[in-house]
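After this come two complexes, each holding chain A, first together with chain B and then together with chain C.
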Partner chain A sequence: MSDVPQSRPGVIHDLGYRRYDGLREGTATIARTLFITGLRHAYGLGRSGKSKVMPFLLLAMSVLPALIVVGVVVLTGMSSLPISYADYTNQTQLLVSLFAAAQAPVLFSRDLRHRSIVLYLARPLSAPLFALMRWLSLAVALWFFMAVPTLLLFVGAMLSGLDKSDQVTQLLKAVALQTLLALLVAGITGLISSVSLRRGFAVVGSVMALIVLTGVVTAIQAIAADQDADAVSVAAGLFSPWSLYTGLANAWDAGVETFVPVDGAWVLAYALVALLLVAGCLLGLVARFQKVGSR
Partner chain B sequence: MMNATIAKLALQALLGRRRFYLLLAFPVLLIALVSLITALADGDAAFDILPGLGYPLVLPLVAILAASSVLGPEVDDGSIIYLLAKPVSRYGVAISKWVVALAATLTAGALPILVAALITGDSTRAWALFVGALVAGTTYSALFLAISAVTRHAVIASLMFVLIWESLLGNLFTGVAWLSIGQWGLRVGHELSAQLPDPANLTWAILASLVVTAVGVWFAGDRLRSFSLRGED
Partner chain C sequence: MRFVTGELTGLAPVISTAGLTKHYGAVHALTDLTVEVGAGVTGLVGANGAGKSTLIKILLGLLEPTGGHARVLGHDIEEASEDIRRLVGYMPEHDCLPPDVSASDFVVHMARMSGLGASAARERAADVLRHVGLDEERYRPMGGYSTGMKQRAKLAQALAHDPRLVFLDEPTNGLDPAARNDMLRLVERIGGEFGIAVLVTSHLLGELEQVSDHVIVLDGGHLLRSSATGDFIEHTGSLLVEVVGTETERDLLGEALAKRGLTCRPRGAMVAIDPPPTELAHEGAAFDLIRDVAAELGLGLMRLQPDRRHLEDVFLDGGAAHV
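Let's look at the complex of A and B:
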């Protein structure tokens, strides 16, 4: 054995024992492993049986209506789906929001509450990258949660012989919108649960940001549309993740109805606000993990 | 049965630090929204916020927050065993904690609904809704306390009851009203003002509310009596 490389900076576990001279995976592998573990933990895989109940119960509840819709379409021979792919996600938003609120603390609170974050950060993985990977895990888990029923609807539509090109366009639009929504919701709930470490308060905080805020925005939108204040109604939609989603879906013709059609410069405003919100949550998460990691 | 010291400690846990602001956010948000809409829109648009958002969402959320803050953190970090080691009846512990959660629910959940409803005018309707909120708030707090004593996922389980069972399925199937705490409260309020909906039978609504409240508190005490600590799952 010759020419053993000197221990790398930033690694603290070299206590003078016999060296490990196998292959050392880099930061990329650590990040990938962290991402996959986070994704599995979001669904309770690799954790106790009890923690699998909640995510899979919610997933089953969001898949069940899609199965019923597919059954009805196949049996009655409809010429189109009674609900568009993007609108299905919108109609089941309560389940998506609950899933995000329930599982975000699993990924973001536990490491900070039990201080095991210090052990993670003792490895050559930086705090910003750790935050980023956690966020990506939750976003992909959420995206998966929305994509499963969507895909089921699509398979049902294909099997019952609906127009292929039409359905594919709608599906791709819905998937793109769901991706944006997943990034957005993961950022918001992740930030809330990394600040509020008690699980109960993180969940209530997330529910406030996702469900209560959306309820308030919807009420304002409905009332403003009722009073013929169209601009107010569209502008109110900028203030909650779900109204951003429905607004963009409406503007993009993905089969979602809003109180007032979103068009013109508003579309750009909606897209910009959504992207800025994602960026803002990410910056907040990175700042939070850097602060906690340096203590 | 009631133990003043335990109630005082529960109150401190409830009002301590940041969670107090979270609890305060709900009434402030509700009253501000209703005032804003009363000022800007005409017609009955502002009152519709209350049966649509304030009563079915804000009231149960306040109850969940209150019930889980008096019991949840202690169960979560296991420090409840120090409380249970004291020679105090476990039912007394449950009742003392419930009284605090109830007071918080009624102050931060039911009272703002009354204030907001009075802002929109028509005081009969406002008082009717307040009575409904009192009945529902009492029942909610007992049920959520019982759930907090059973599972670590109390908040999510309670939220699923409120959002999926009462709101989502309740809007689809009218029969859910017979097993929905919010609807029982509305039914009692209906006696004062016919503007509230009339979902179920009055006797049933009153009896069911009483039974759920009593059984909820008793069950929380019973769970504490045979409490066992488990690790993080």
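Let's look at the complex of A and C:
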């Protein structure tokens, strides 16, 4: 125990063990720290230089068209934006989906694959709170990804002197829809990444769920609308997060066209499915973290 | 039946369990475990699957017991699991380190996850990494670490928030003899100099004999025994005698003692004598007899000592006699 003082060269003295009597934060602060760390990690901040490339490249690609639109609107003095805020997100959906697919494994696979989840769960945060914070980190990262070009468009609209109250209404609608979409997409990609722990599988799974599935749903919607089977076209929209988003945006008059207008009881169905999907993904995540943590 | 280990004088036990049971269907991981653990280093011994890791996970609140109760640092595991996790550190048996992060960054992050502020976490991380002996390599990604370095990093994260109790699950696993020895010295320091209660598991009994003040032995989920390490290696009543010379002299003494009513058998260069029969059981009688016999034969007595048991014997006995 109190053996001979170590006299290794280079080590001048051993201070002995020092206790920590300082402040210990509550659960809320710990959860907030986890959330902020996760948010930073989603953009590769605080991680290796290589991991910053993908998120920022995608962000740049999604911002570029908005910059062009703003340039055109300001220079030509157009009387309205050529694309609505909500529709801009819809048009760049491939980039948003890729961002989610690429970054969800960072937040949901790593801790499970390397088993560091056990170290987290041996600390004050419980498995449900941990899952919730991880989900929030990705959702906010995604929301930010969509909000940056949206805000740019808004700045452009203000610079070219478009009607402020109209633009603010459209902007707020878009932001609310984007929030719901971010929660949905974060839940889906998070759940997929927490189950398929190999990064490659997780990315492919998320791409299947977001891009391929949306493609299939869009095709069905288009064919059904063409065949005048309006109900089928609207119902098909319940099966992909993107068609839920466009459907709700259409119903709310946020400037997004769908094959068949979503109205009546369908609006409620869309909203309900979106909320149930979010809740289901969250429950799945909590169950998954709890199971791995107890092994 | 209650077993108590540790320095319990006037202090509440660090861990106490009452009838703790965990069954997975037909698999009985832990059965009716009632035990108390005090300060210092307590060894938790058992073969693989004896229930050591299950017990730790239940105490941490990661697993729910099928039955029974337990308290850790005065908190009930079911009602105040979060308070417990604030005050304890845990070093799991398996690998749990992300390979792309440096030990320094990781320990800082883990300290923050235990509730330390940013600057306090950095200071504590530097401190504990120095104590566990990770020097320059702490700034390298942990994926490139040797097993010994990984074990040190795992230990550092368990100590980062200055816990009052640490659970160390097989800390010497996969280490070479020198690293194993370092780790055991470190465990001893944590329990002594650092003043942190330690519950350390191992399937190697000899290891825990060296560093722990108390030992709990589990076998197939049952408590085999729990007591101070000193009691384990207690004097069994048997004696060991060694005389000057070769095996010839040894056998000469053994045969002569056998004629006087003692049960003897050779053990290495020594004669092992079973606990003496009742007529020789009173204090010193057997010692006198051995001295006299050696003198009669003209043999030089080199050693005469009580035969101490080793922890292994608890297992060889099957332990049934103790419970």
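The rule is simple: the second predicted complex is superposed on the first by the 276 of 295 C-alpha atoms of A that agree within 3 Å, B and C clash if a C-alpha of one lies under 4 Å from a C-alpha of the other, contacts with A are read in each partner's own complex, and residues count from 1 in each chain.
Keep this in mind: a contact is a pair of C-beta atoms (placed from the backbone, for glycine too) under 8 Å apart; a residue touches a chain by one contact, two chains touch by 3 or more.
Values in this document were obtained by computation on a predicted structure and should not be read as measured data.
K.L.:
Touch test for A:S48: chain B only (first), chain C only (second), both, or neither?
P.N.:
both
K.L.:
I'd like to know which partner A:R40 touches here: chain B for first, chain C for second, both or neither.
P.N.:
neither
K.L.:
Of the partners chain B and chain C, which touch A:I211 in the superposed model: first, second, both, neither?
P.N.:
first
K.L.:
One more residue to check, A:Y17. First (chain B), second (chain C), both or neither?
P.N.:
Touch status of A:Y17: second partner only.
K.L.:
What is the contact status of A:R115 with respect to chain B (first) and chain C (second): first, second, both, or neither?
P.N.:
In the superposition, A:R115 contacts chain C only.
K.L.:
Pick one for A:E25: touches chain B only (first), chain C only (second), both, or neither.
P.N.:
A:E25 contacts chain C only, not chain B.
K.L.:
With the two complexes superposed on chain A, say which partner A:A219 touches: chain B (first), chain C (second), both, or neither.
P.N.:
A:A219: touches chain B, not chain C.
K.L.:
I'd like to check the shared interface: which positions of chain A are touched by both chain B and chain C across the two complexes?
P.N.:
Residues 47-48, 110 of chain A touch both chain B and chain C.
K.L.:
Okay, in this complex, where on chain A does chain B touch?
P.N.:
Its residues touching chain B are 47-48, 50-51, 54, 61, 94-95, 98, 101-102, 110, 196, 198-201, 203-205, 207-208, 211-212, 215-216, 219-220, 223-224, 226-227.
K.L.:
Quick check on the complex: what are the chain A residues that touch chain C?
P.N.:
1-2, 16-20, 22-27, 29-30, 33-34, 37, 47-48, 110-111, 114-116, 118-126, 293-294
K.L.:
Hey, which residues of chain C end up touching chain A in the complex?
P.N.:
So the residues of chain C touching chain A come out as 57, 60, 62-63, 82, 85-86, 88-90, 92, 94-100, 109-110, 112-117, 120, 124, 127, 131, 157, 161-162, 188-189, 192-195.
K.L.:
Quick check: in the complex, which residue numbers of chain B touch chain A?
P.N.:
Against chain A, the touching part of chain B is residues 18-19, 22, 25, 29, 33, 37, 40-43, 45, 48-49, 52-53, 57-58, 61, 64-65, 68-69, 72-73, 76, 152-156, 159-160, 163-164, 167-168, 232-233.
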